[in-house]
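One chain, chain A, appears in both complexes that follow, with chain B as partner in the first and chain C in the second.
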Partner chain A sequence: MTDAAAPRPAMRRTIPPQVVGLSSLVAFFLSMELLIQTGVINRFIVPPPSDIIGSFGRVIVEENVFGRFLLTLSECLIAGVLLTVVGVGGGVLMHRFKLLQQACETWVAAMASAPIVLMYPLFLVIFGRSMWTMIMMGFVAALPPVILKTLEGLSSTRKVLVNVGRSFNLTPSQQFWKILFPAALPTIFVGIRLGLIFALINIVGVEFLINFGGLGQLINELAERYDLPGTYAAICFVILVSILFFMTLEKIERWLRPFD
Partner chain B sequence: MLTPTKPTSQDATDDAILVVDNIVVRFETPEGPIVAVDDVSLKVKPGEFLSVIGPSGCGKSTLFNVVGGLLGHYNGKVSVAGETIAGPHQSIGMVFQEESTFPWRTVTDNVAFPLELTGMAKAQRIERARHFIALVGLDGFENRYPGELSGGMRQRVSLARTLASEPKILLMDEPFAALDEQTRLLLGDKVLQIQQQLKQTTLLITHNITEAVQMSDRIVVMTYRPGKVKRIVEIDLPRPRTSEIVGSEAFGRYVAQIWADLREEASRGMRDEEKHTLSHPKGGAS
Partner chain C sequence: MAETLRLKPAAVSAPAVSQVTVLRVVIILTLLASWELLARSGWLYRDVVPSLFAISRAIFDLLSHGEYYFHLAVTAGEIGTALLIGGLAGLAVGILLGANRYLAKAFEPYLYYLGPTPKIIFFPIMIMWFGVGPGSKIALGTLSCFFPVALSAAAGMRGIDKVLIRVGKSFRASTWQMVTKVYLPAMRHPIINGVRLGLGVALIGTLLAETKLSNKGIGFLIINAYSTFDMPRMYAMLIVLFVLSIGANALVGRLGGLDGIKRV
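Up next is the complex of A and B:
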C-alpha cells in the first residue's frame, strides 16, 4: 500500500503553487460567470467577470485611471515612508525608555483597533481637500502596528545575543545597531507590511468618503453612476497598488536579509 | 562530608591570571531567596585548562556570568591579572551554551565581529577572520550564513568569533551541551588542540565528566544548592590527550573519583527538582 502511495506526493509536488493559485482564481471567476449568466446571482448587483474585464479599456481611457493610480500610489508611498520613520522610531524610543513603553503601549494597542478613519472630518479641516488629508489619515491609522511590531522585535531579541554584545563591551549605540536592530528587522518588516495594508485601506477609504483624489474617488464616482463593472475594474487597480507594494517590500527585505 | 578540600598545591600561586574570590550570589525567587553560588573561590594560572563541573542547577552558569562580568549583584570579587573587574572585561572571551551566532552575518562577518569593533581595516580583518575560521576547521564555509550550518559548526563559529578577540582567558559555558555525542567528541578534540596550540588559558564549565577529565589540568567539583566548591582535582595525565586516552586505566580512575563526588550532588539535585515539580506541578525544571 505504501509502495503504491509513494509516487503520488512526488507527482503532486511537480505542480508549481503559482499555477494552483492562478487556476483556482480562474475557476472562481468562471463559476461566478456561470452563476451570473444563469441568473442565480443578479447581474445588477454583481457584474459578471467578463463585463469587468470588458470595462477595463473604458476605465483606462475615459477615467484617467493611470493618473489616479499614480496619485493613490504616491499617497501610499509617502504615508509608508512616514510610517517607517515615525513608527519604527516610536517603537525604538518605547523600547529605549521603559517609562514611555509602560505609559503608551496599552493605548497604542487600543488605537490599532479603533476605527480611526471615522475621524476624517477632523483631518479634512486640518489639511483641507488635498492629498495630505489622505496621507495623514493613512499614516495615523497605520502607525500602531508599526510601533508595536518594532517594539516586539526589539524586546524579543534573544538574551544570549545581547549578552554576546555585552561580553564584547559594546557601547549602547553599537549594541543597538549591531545587535538589536538587525535581530528585530524581520519583525519590523511584518509591522511595515501590516502598516501599508492599513494605510492603503484608509487612503482609498478617505478618497471614497470625501470624493477627492485617486482610485477611491473613481470608485465613488463609478458607483454613483451605477457603473458596476467599472467600479470593480477600479477596485482591481487598488489591488494592483497593494501587489506592487508587496513586491517592492519583498525585494527590499531580500536585499537586506539575503540569507532567508 | 561536604567540607571542601582546600586547593593546597595552588595556594602559593601569585602568578594566577584569573582569581575568583569568595563569590556569593543570591537570587530572589517567588519561593524565596536562593543562594546560587556560595563562597566559591578559584584561581586559574596562565595557559591552564580549568574545568568547573557540577550537576544541573548548581550555579555554574551563574558563576560563568559573574566571571564574564554580565551579572551585577554579587559579593566577592573577580580579578584578572591583578585588576578587579566591574563588568565585562576585554581580557575575557565568552562562549555561550546557547546558539549565539548572528544569523544576519556570514561566517566571516561573524568571526570578524570583534575585530570590526576595534576599527581594524576591512581587508585586514577578513584575513584575521579567515585565520580563525581555519583554526576551527571551517574553511570553505566563509561566505555561508549560520542558518546553512549544523549546530556543531555554528558553535565553532561562536568559538572562532571569541578567539578572534584574542582574549587572555577563554571562558566557556557548556559549549557542547546542545550537540550530539559524536559532534561533541570531535569538537572537544578540536578545542583541546586549539587550546594547546595557542596556550590559551581556559575556564570550561561543564557537566560532562569525560570531557572534563580529558581536557583539564584541574577540575573544580561543585556541590548542589548551595553551589560550593566541593573538591579540586588535579588531572595528571600526559598531553597531548587524544580521544584514545579515554580508554586508559588512569583516566578511568579520575572519572570514577569525580563521579563519586558528583553522584551525591546530582541525586540531591534530582530529588530537589522532583520535590519542586510535585509542589509546583506547572513549573517545569529549568
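Up next is the complex of A and C:
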C-alpha cells in the first residue's frame, strides 16, 4: 500500500495502475506470511497464506467443492427464474394498473430496505431443512429490486416511442410487446442482475447459517472442524465464485445493451 | 351560483378518502383476513401461521417487557459502532480513491468486486479475531458497511462539480479545508445514500451474526424463539424489527434530504 500511496509522476507514467494494485495485494500476502512465520501473528488465529494455498487442492478434492458449487448455483438459478417471473410480472402488473402502483410502490421500496433475510428461521419452519428454504429465501430477499427496476424501466420509456405506437393505432397488447417491453428490457435486466446477486448472497449466507447445502455449508463445516487453512481457502473460493458470477452477469448485460 | 362553482371543483379534486388509500386499506384487510382464515383452517402445521390475535399479543408482550429493550440496545450499539467504524473508514478510502484517479484504477476494482460478496461467511474468521462477544458482530457489521460507503463516496467525489474544486483551490484552501468545506458538503447526497446502504447491510450482517452465535441481541432472541418453536413471538420480533429498520432507513434518508426510501 505504501509504495502505491504516493507514486512519483514519472512512476505514474511508466507503471500501469493495475500492476500497482496487484503487486500491493501480493506484498500484503507476503508480509502476512512473514509476520506469521516469525510468530508476530499467531498462526492458530491466522494461518500463513502458503498453508491456505496448499489446502486449496485438499479442500477441492476431499470436500466435493464442484458438487457443492453446482448445488449453490442451481439454487441460485431456480431463485433467478422465480425472480424473473414474479418480479417482472409484478412490475408489469403495477405499471399496467396505476392505482396499484400508487398504492404499493412505497411498500415494495420499504421492503427493499428491510432485513428480509432475518426471516430465515421462519422459512426453515415452513420449508424444513431443504434446498427450498435457500431458494425461497434468495427469491423473497431479492424480489423488491426486480419489481422496482421493472417498474422504472417501463415508466421511463421515451414518450416519443409511446406516441409512435399510438399513431399506428396499436392495441394495448401490441403497445406493450412492441414498444414498452423492448424499451424497458435493459433496465429490467439490471433488476434481474441485482436480484441474482442478492439471491446468491442470501443463499450462501443461509447455507452457512443453517449448515445445509452447498458452498456456505462448506465454510461452516470446516470452521467447526477448526480446519483454519481449509476455512480460509473455502472463503477465498466462495469469494472467487461470487466475483465470477458478478462478472459474468455484467458481461451478459453489456452484451444485451451494446449501444450504451 | 358562485358558491356552487367554488365548491364543486374542490369536492371533485379532494375526496374525503382517495382511491389509493381505499385500495391500500382493501389490500391490507384482504391480507389480514386471508392470514386469519389460513391460521384457523388447520391446513398448515399448527403455529406456522399463528392467529393474528396471538401475534398481536406477542407484540404487546414483547414491547411491554424491559428485557427486549436491553437486547435492542445491545444490537443498536453493535450496529451503531459498526456503522461508525465502517462508515468513517469507507469515507476516508472513498475520498482518497475519488481524489486520485491513479489509486482508483489500482484499487477500486477490488472494492467493486468484493462489495457484492456474501460477508457473513467471514464470521468464523471474525470469531477467531475478535472473540464470541459483541466484537465479532461489530466487525462483521463494519466489514459489511465499509464497501457501499467507500464506493458511494468515491463515486460522489468524482461527481463533484469541478468549478467548486477550482474555487477552493483559488482560495488556497488546505487539504483539510478542501475536505470539510468543499468535498464533504458537495458529496452529501451520495454519502447519505452510501450510509443508508451501509446501515442496511450492517444491520443484516450484525443480526445474522447474532443468530449464528451469541447470547444477547435481537438476532439471539429471534433464533431463541425458533429453537423453542415460539412462532407468535418470532413473528412479533420480525415485525417490530422490520418496522424499526425501515424507519431507521427512512430517517437517514430524511435527514440527508433525500426523498422516499428507494435504495436501488
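Please note the rule applied: the second predicted complex is superposed on the first by the 186 of 260 C-alpha atoms of A that agree within 3 Å, B and C clash if a C-alpha of one lies under 4 Å from a C-alpha of the other, contacts with A are read in each partner's own complex, and residues count from 1 in each chain.
Definition applied: a residue touches a chain if its C-beta (ideal position, glycine included) is under 8 Å from a C-beta of that chain, and two chains touch if they have at least 3 such contacts.
Computed from a predicted model, the values in this text were never measured in an experiment.
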Touching partner for A:174 - first (chain B), second (chain C), both, neither: first
Which superposed partner A:126 touches (first chain B, second chain C, both, neither): second
Contacts of A:201 with chain B and chain C, given as first, second, both or neither: second
Touched partner set for A:182, first chain B, second chain C, both or neither: first
Partner chain in contact with A:257 - chain B first, chain C second, else both or neither: first
Partner chain in contact with A:60 - chain B first, chain C second, else both or neither: neither
Partner chain in contact with A:70 - chain B first, chain C second, else both or neither: neither
Partner chain in contact with A:163 - chain B first, chain C second, else both or neither: first
Winner by number of chain A residues touched, once chain B and chain C are compared: C
First, second, both or neither for A:232, with chain B first and chain C second: second
On chain A, the residue positions that both chain B and chain C contact, one per complex: none
Sites on chain A touched by chain B in the complex: 158, 160-161, 163-164, 166-170, 174, 178-179, 182-183, 185, 257-260
Chain A-facing residues of chain C, complex: 19-20, 23-24, 27, 45, 48, 102-107, 109-110, 113-114, 116-118, 120-125, 128-129, 196, 200, 203-204, 207-208, 211-212, 219, 222-223, 225-226, 229, 231, 234-235, 238, 241-242, 245-246, 249-250, 260-264
Parts of chain B lying in touch with chain A, wherever the complex brings them together: 68-70, 87-88, 90, 92-94, 96, 98-100, 102-104, 113-114, 117, 145, 147-148, 165
Interface residues, chain A side, partner chain C - complex: 4-5, 7, 12, 17-18, 20-21, 24-25, 45-46, 99-100, 102-104, 106, 109-110, 112-115, 117-122, 124-126, 144-145, 148-149, 191, 194, 197, 200-202, 204-205, 208-209, 216, 219-220, 223, 228, 231-232, 235, 238-239, 242-243, 246-247
